[in-house]
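Lettered A, B, C and D in written order, each chain numbered from 1.
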Amino acid sequence: MSDPTLPDPNRLDPAMLAEIEALRARTADTRRATVAAMEDILHVPFPVLDHGFVRVVDYMGDDGAVVQAARVSYGRGTRQVREDRGLIRYLMRHRHTTPFEMCEIKVHVKLPIFVARQWIRHRTANVNEYSARYSVLDKEFYIPAPEHLAAQSSANRQGRGAVLEGAEAAAALDLLRGDALRCYDTYEHLLAEDDPSRQGLARELARMNLTLNTYTQWYWKVDLHNLMHFLSLRADSHAQYEIRVYAEVLLDLMARWVPVIHEAFQDYRMGGLHLSRAGVAAVRRALSGEAVSQADSDLSPREWRELWAGLGVPAPDETRQA
Amino acid sequence: MSDPTLPDPNRLDPAMLAEIEALRARTADTRRATVAAMEDILHVPFPVLDHGFVRVVDYMGDDGAVVQAARVSYGRGTRQVREDRGLIRYLMRHRHTTPFEMCEIKVHVKLPIFVARQWIRHRTANVNEYSARYSVLDKEFYIPAPEHLAAQSSANRQGRGAVLEGAEAAAALDLLRGDALRCYDTYEHLLAEDDPSRQGLARELARMNLTLNTYTQWYWKVDLHNLMHFLSLRADSHAQYEIRVYAEVLLDLMARWVPVIHEAFQDYRMGGLHLSRAGVAAVRRALSGEAVSQADSDLSPREWRELWAGLGVPAPDETRQA
Amino acid sequence: MSDPTLPDPNRLDPAMLAEIEALRARTADTRRATVAAMEDILHVPFPVLDHGFVRVVDYMGDDGAVVQAARVSYGRGTRQVREDRGLIRYLMRHRHTTPFEMCEIKVHVKLPIFVARQWIRHRTANVNEYSARYSVLDKEFYIPAPEHLAAQSSANRQGRGAVLEGAEAAAALDLLRGDALRCYDTYEHLLAEDDPSRQGLARELARMNLTLNTYTQWYWKVDLHNLMHFLSLRADSHAQYEIRVYAEVLLDLMARWVPVIHEAFQDYRMGGLHLSRAGVAAVRRALSGEAVSQADSDLSPREWRELWAGLGVPAPDETRQA
Amino acid sequence: MSDPTLPDPNRLDPAMLAEIEALRARTADTRRATVAAMEDILHVPFPVLDHGFVRVVDYMGDDGAVVQAARVSYGRGTRQVREDRGLIRYLMRHRHTTPFEMCEIKVHVKLPIFVARQWIRHRTANVNEYSARYSVLDKEFYIPAPEHLAAQSSANRQGRGAVLEGAEAAAALDLLRGDALRCYDTYEHLLAEDDPSRQGLARELARMNLTLNTYTQWYWKVDLHNLMHFLSLRADSHAQYEIRVYAEVLLDLMARWVPVIHEAFQDYRMGGLHLSRAGVAAVRRALSGEAVSQADSDLSPREWRELWAGLGVPAPDETRQA
């Protein structure tokens, strides 16, 4: 679990730091469901990428709130019969999703625009983004750390291959940094905010000159069911690295917030495996001791490989060949 | 504002009363935005109709949370410039709706099934309803109070006319009560829960014998923007009385929760008037001192009447005739 | 696949039959994607339960429309590379859901109110339901066929057990029929539509006296992605029989409309199996020839049974015991 | 109404032109609701900005489909009683929105990324966007026409002021063009698609170097109710010019598609005026011949000005002063 230390002051502007300290100093008595591990880190930014962060601004509900809602649905009969953990695992396993919608979390996120463009495709959430029609964006861009400067995969159209190295890497980073800075300088020049002698271009127009690695920020509020859907796609190994690191912080925060649900989510969703109809048939035959090979299954070579890799065993035909 | 007295114990089963007392006794320290007027009434059921209630189970955010989110959107420029109340009223007036999505409320509602069927049409909310597939519904039906036993309006297909009175009213109430009870008795008989000598009909089937005034209950969670949309339709005079009384309790609860937003909502949404293009033209001519009548406006006779009634003045042609 | 014969005229009122014939007689030339198998059955009601039906009123898109949208997403690179069927199966397998949202279907459904209450919980659809505030509902109720008059399961709170038989069944059906009819007669009496000597109760009130097996009807419009989500829950063996029969007709209609997508849906979703993390571990050990039993897995007894039943093989410990 | 001429071939790549011609040549017989004016322009791109377009790819329903759905809701009573136009205007005026959800339109749009970022905030739509993770974006950027090169408004934080002119304008355009080109050249260099001697940077990373005026494209599918909501915000004079021109083309297309609904939309929504509670009071007093001024109204000076401007008459206190 990430550490709830206060953020590196170098990463935050002083006004924001002061605001966070003021927010953390304010406490009140409440009759609402409260999670001590969330109170510990409330408002604290967790760093992501070179200038980004995620911080929890508010939350509603806890493990118990899901149980409470499920007990309304399933009525008196469920009282005493199942203890809470068992009920939560039952709900997760059978995809009874509505009780998980009874919890809500609100985070403040700072992220590069090209990551924001992926993230916003998750429509079932509430968003307030910093508006570059109204205000001037900060001079901050995402520049990949050298170890994440991946080449295009030749096998997979959306994937990454080996990491660029040496002079090639240095040149790429210089280009990215140089173009971002030059575009930002032009942006500032066009705005002419500090030059009363020139008419500044409208903010809503000048922003078009910024590059897609410029940082933006937003408040993002989502219920727990939709958060888990987001995490199942974005904390997955197929997700782009730059959004996956945000999802991983959110997954850590979820473990603090609703530990029992987090465990069930890992067991039934993240750590599970979906078999196709033909995959079930292949596994059945293998378990029954029948000979089975890709050629006589209804699986493509790629599906065949992924099936046995997902199960963590060699493919049956490879075994026999060996 | 409704009074946060504890509910009439005759309306609640003792198990629920004990649960509410236990929930109200539990307090914790929190760094989250907290509203004292909501803490006062948290978990307390407010009675609605003959057996229904609304009670707040949780809430997220306050007036300040909307301001906070708006300031992220509109950026540094808005700091200090506008004070909070002015910003909230600006947002409401210009239908900048996303900041209002940053607050969330969760209520537990007991309501007749025919009301639940209207309510559920508001799709942008989270719901966990008592399931009659799993559990047995209580023996409680809505029977209108005599003063709400309205006749069909002859003028308006969906409206109510005069109230039934005397023997006619008494007969109607007897019929409603008699059918509901008989259907419930059949339901219990079909279930045979207490009769080990007979096989009970499946709960999911037996429930089909219940009448639509049987009470159900649910947890309903909604953000403030969608709550206001619900209230603008259901706290309106055109809404059916039996859902309007729920909306009115929710409107009172909103006044406790976010008083500044509630005031702006009353000023710009509930208390406002929408003029059509032809309505604007008619008002313009009237204000300019021109003669204007329904016949030479593009308004239907009904629109014409509603326009001047909405503005609280006699129609110009009536004035001239007088 | 269901047969596109014209419906049994006894099930439809003559006005509706005439309307359907008129709609079917009207044809036009279009440049839109068109599916001959859908044109064959457009507007024709497919019977469901004793008085219900599903009929397709309109559709947008076909298998090719999903391919077309996916090719915009994945760009030039995908042209020629994959043929259509392969691309559709790739999308289904990797849960790339947005291209499936590019097709839309609109159906007219007649269904009992208690089924409508389950159905409406699928929020991502457009619905126009017959309004009993405005109009009088027909005298039609769902009465189960004797072979579907199931007892409550003793093993499963939401399930059905054996079918009631003999006198017990006859008595149950008589009670259901009797209560529904009596409630409807009261409804008609309260409305007093044909009795000018009495003031009728408002329709919006009188409807509360109807039983939950009364038929309602609606137009339901949904995109293909959300239709598949609906089908995966409601055409499933755990769904209540009375909604499952509607889902099965919709699944047949889907096979006519988008046959390639339907096949992929059967292969990767309906016919698949989801393994939990512990389920993967158990299968891995079984495939590796290790001894594995429920006791030393992390699976509950029920999960253990369901795992091997889903794979269609005896549980490993049972095999050894035998 | 825009002219359905075939697009300027200079604006489209030849492959796309050929595809459009093939699509337009394909016709079929259908029993679905069909709109001749839509068939005329189906698939044809309407130019927007310097490189963008909107083209209709498919549609479902027409004016009659809304009437048909409303008649299911309002039942037999409405038949013959109201003719179609009257019913549509009634629905629009009373915000009965669900029947308008029964029509659906699908468009292919090419638009700058900063416009796409505003547009996507409308969540109730289906979108398939060109993916720069998979494919290489085209070398096309939005550069404002000189007459749209607006300065920042000094009165309104999100507004535009006077147009930049002369050398200042020329310099701004040069900067925008220069940065966009330089960033695109870097992007191509980093990708190294045509240079087998270098390892190209992963597409999902290289795209971050592009400026926000780079064009993207998507399929966007939306129901008519949500389209009208989009248009009421984006075809409005407060919307940014660069999204408003897209909304205006969509509004023209709507006039072709559902002319009666379009007229009602103009009369009751676009051409209407919303008065606040205090606005109603001020108009009432003015119509009643009372003296009324901003100071003794509950309106802010800005609300006061906008009220009378919206009604098209001088403010009462200005009149008296004059």
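Some notes on this structure:
Here is the rule we go by: a residue touches a chain if its C-beta (ideal position, glycine included) is under 8 Å from a C-beta of that chain, and two chains touch if they have at least 3 such contacts.
Since we're looking at a predicted model, the values are computed, not measured.
Because chain B and chain C share one sequence, their contact can be compared position by position; here over half of the interface residue numbers appear on both sides.
Chain A and chain B have CA centres that are 36 Å apart.
Between chain A and chain C the centroid-to-centroid distance comes to 33 Å (mean Cα coordinates, whole Å). Listed for chain D are residues 74, 77-78, 98, 121, 127, 131, 134-135, 157, each touching two or more other chains.
With chains as nodes and touching pairs as edges, the resulting graph is complete, every pair of chains being joined.
Within the complex formed with chain B, the residues of chain A that make contact are 23-24, 26-34, 36, 39, 42-43, 57-61, 65, 68-70, 72-78, 98-99, 101-102, 104, 106, 108, 126-131, 134-136, 217-219, 221, 223. Of all residues in chain D, only 112-114, 117, 120-121, 123-124, 127, 131, 133-135, 142, 144, 149-153, 157-162, 164, 168, 172, 175-176, 179-180, 182-183, 186, 189-191, 198-205, 207-213, 240 touch chain A in the complex they form. Those residues of chain A lying in contact with chain C across their complex are 74, 77-78, 93-95, 98, 121, 157, 233, 238, 266-268, 270-280, 283-284, 286-288, 298, 303, 310-313.
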